[in-house]
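Each of the next two complexes has chain A plus one more chain, namely chain B in the first and chain C in the second.
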Partner chain A sequence: MSANTGRHFDSVAVGESLGPHEIVIEKPRARAFAAACGMDSGRFHDDEAARAEGLPGMIIPGNFSLGLLSKLVTDWLGAGPGRLTRIGTTYRAIVLPERRLTLHGFVTHIEREARSVEIDVWIENEEAERLVIGTASVAFPPTD
Partner chain B sequence: MAVDQSLIGKQFEATEPVVVTSEAIAAYCDALGDENYRRPGPDGAIVAPPSFAVTFRNTEAFFHYTPRFGRGFDAGKEVEFFAPIRAGDSITLTSVVREMYEKTGRSGTMTFVVLRSTLTNQRGETVAHVDHRFVHRNPGEPG
Partner chain C sequence: MATIIDLHSHSEASDDSRAPVGAYLNWIKLRRAERPLDGIVLTEHRQYNRAADYRALEDQFDVMVLRASEVETDYGHMLVFGVNDDILRRFDFSNVRLPAQEVIDGVAELGGVVVPCHPGRPTVGLCEHYETKPPLENVTAVELLNGGSRKGENERAAALVDRYGYRAIGGSDSHMVSLIGLCATRFDADVRTIDELVRELKSGRYEPVDFRPNRPRPRRAAPEMAGT
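Here is the complex of A and B:
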């Protein structure tokens, strides 16, 4: 991803896209994330433990999806004055490692007075199924 | 299972403060693939990415009053960020049951529990609110 020198409020437009960014999360990286979050449940570390719970194999923690979508927004903001103030996520389906995922965002609303921006964010699988959906809010200072 | 509405408002004991280390932030950023947050801020401290707020764990008591049957899952989160988390900060969590409700869909009846964790730093500043939405499939339901 190329460095973003910073997004300013006046340059944001409704309909602007964030991404898409394709990623594949390998199992060691998923385990490292779970460990960094203190999530020691076997379903995040081990295929057999996950299968014992009726899952198809180890899964990506929901917090990882939230982190990736937050990063999608903060990367889009870059080094500019905007700040991620809120993110909400809904985990609609299991996210599995070693699958091609695509991160998407879309500016849905701009509050000129409040200098805030609302963004839809989501993660799709290769079948364009939205596994994780959410919304994020970004705030800009009075002048930037 | 009927949802026990009396649990709404139930407050859990605050966690012991957790001191944020630059190593913990680096481990999180490395796994997330975020290189932007490895550099020090203006005050010289490493600043964590906003989503680092979800890494703080509640005490076991947090889960004691939630329904623990069948297969439980994290259904989603709502996080509000008020102040950055920096290496050297000491973060305490206090949590409360906000909502409990049931939904019936094609796969049966599920109980949703929303627990709010408030993260506070060593200066008494509220750093973030994290609303955890857990879902549990009710016993006797398929799947």
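Here is the complex of A and C:
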């Protein structure tokens, strides 16, 4: 994901796309995230432990997915004055490491008076299934 | 004149959606080339949004907004079209274990129509309930195409339609602005009111339509030509 120099409120338009960005989360990275968060469950660290729970293999923690989508938004904002004020996600399917994931977003609504922007965000797998969906809110200061 | 309507969507009036109705309509206006909708039906969870008035938004964006409900029954979730005071008096839409057969028959008797939605979805879809309970009677149609379905769910719905001969509708089940209209229903007739919608759902003159960019393609008999 390439950084930008900063997005300003007046340049944002409904329909504008965030991404798509492709990403593969390797197992060591997923384990490191889980460990840093104190998530000790075997499903986040070990394929065998995950399979014992009926999963196809170790999975990426939900908060990691949330973080990826947050980063999609903050990268889009860049160094500008806007800030991510809220993000909410629904986990519709497990997210597996070592698979190609695609992060998507669309600006869907702009409140001119409040200088706020609503964004749809989601993570797709290679079969275009939406694994994690959500919405984010971005606020801009009175003048930027 | 044909009418294309997304028969299943949730606005911020539902507890699990943050989509304002105006944003849905603006999105449809922006994406009309890809999703040529004439209207949407708001099917809020476990409620009928009786007080809502979307006429100004309809005029602003030239998109029809009709209202219905998604209720929860002992056979899974179902869309109720043509909700009126008599229906609301007879059934408590906040009850998450409504008796499906009574709802189907009672709503029909009182002028509406019930359509089981996302039948292929685990727990809340008709297919799973049919594995352990007798099939429902007087089912007018089921939602064959649901824009929120996961892999395999619409295929299970297709098998259900084939087996029982149900008519089929489509709806996005959108809870997010950008997903509105991904699946919809094309009616042969002009539909402008909820009464006309109920009449046409009973008539059978409609088919589900799929506007998903990565929708499953029908198998082709011949190889695709270069450049197509």
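Here, the second predicted complex is superposed on the first by the 144 of 144 C-alpha atoms of A that agree within 3 Å, B and C clash if a C-alpha of one lies under 4 Å from a C-alpha of the other, contacts with A are read in each partner's own complex, and residues count from 1 in each chain.
Quick note on the criterion: a contact is a pair of C-beta atoms (placed from the backbone, for glycine too) under 8 Å apart; a residue touches a chain by one contact, two chains touch by 3 or more.
Only a predicted model underlies this, so the values are computations on that prediction, with no experimental measurement involved.
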{"item": "Contact breadth on chain A, by residue count: chain C or chain B", "value": "B"}
{"item": "First, second, both or neither for A:88, with chain B first and chain C second", "value": "both"}
{"item": "First, second, both or neither for A:75, with chain B first and chain C second", "value": "first"}
{"item": "Which superposed partner A:109 touches (first chain B, second chain C, both, neither)", "value": "second"}
{"item": "First, second, both or neither for A:32, with chain B first and chain C second", "value": "first"}
{"item": "First, second, both or neither for A:41, with chain B first and chain C second", "value": "neither"}
{"item": "Touched partner set for A:67, first chain B, second chain C, both or neither", "value": "first"}
{"item": "Where chain A meets both chain C and chain B, residue numbers", "value": "88, 90"}
{"item": "Parts of chain B lying in touch with chain A, wherever the complex brings them together", "value": "24, 27-28, 30-34, 36, 49-51, 54-55, 57, 71, 73-81, 133"}
{"item": "Residues of chain A touching chain B in the complex", "value": "23, 29, 32-33, 35-38, 53-54, 61-64, 66-68, 70-71, 74-75, 83-91, 134"}
{"item": "Chain C - residues contacting chain A, complex", "value": "16, 18-20, 22-23, 26-27, 30-31, 150-151, 175-179, 213-214"}
{"item": "Chain C partner contacts - residues on chain A that touch it in the complex", "value": "14-15, 88, 90, 92-93, 106, 108-109, 118, 120, 122, 127-129, 133, 135"}
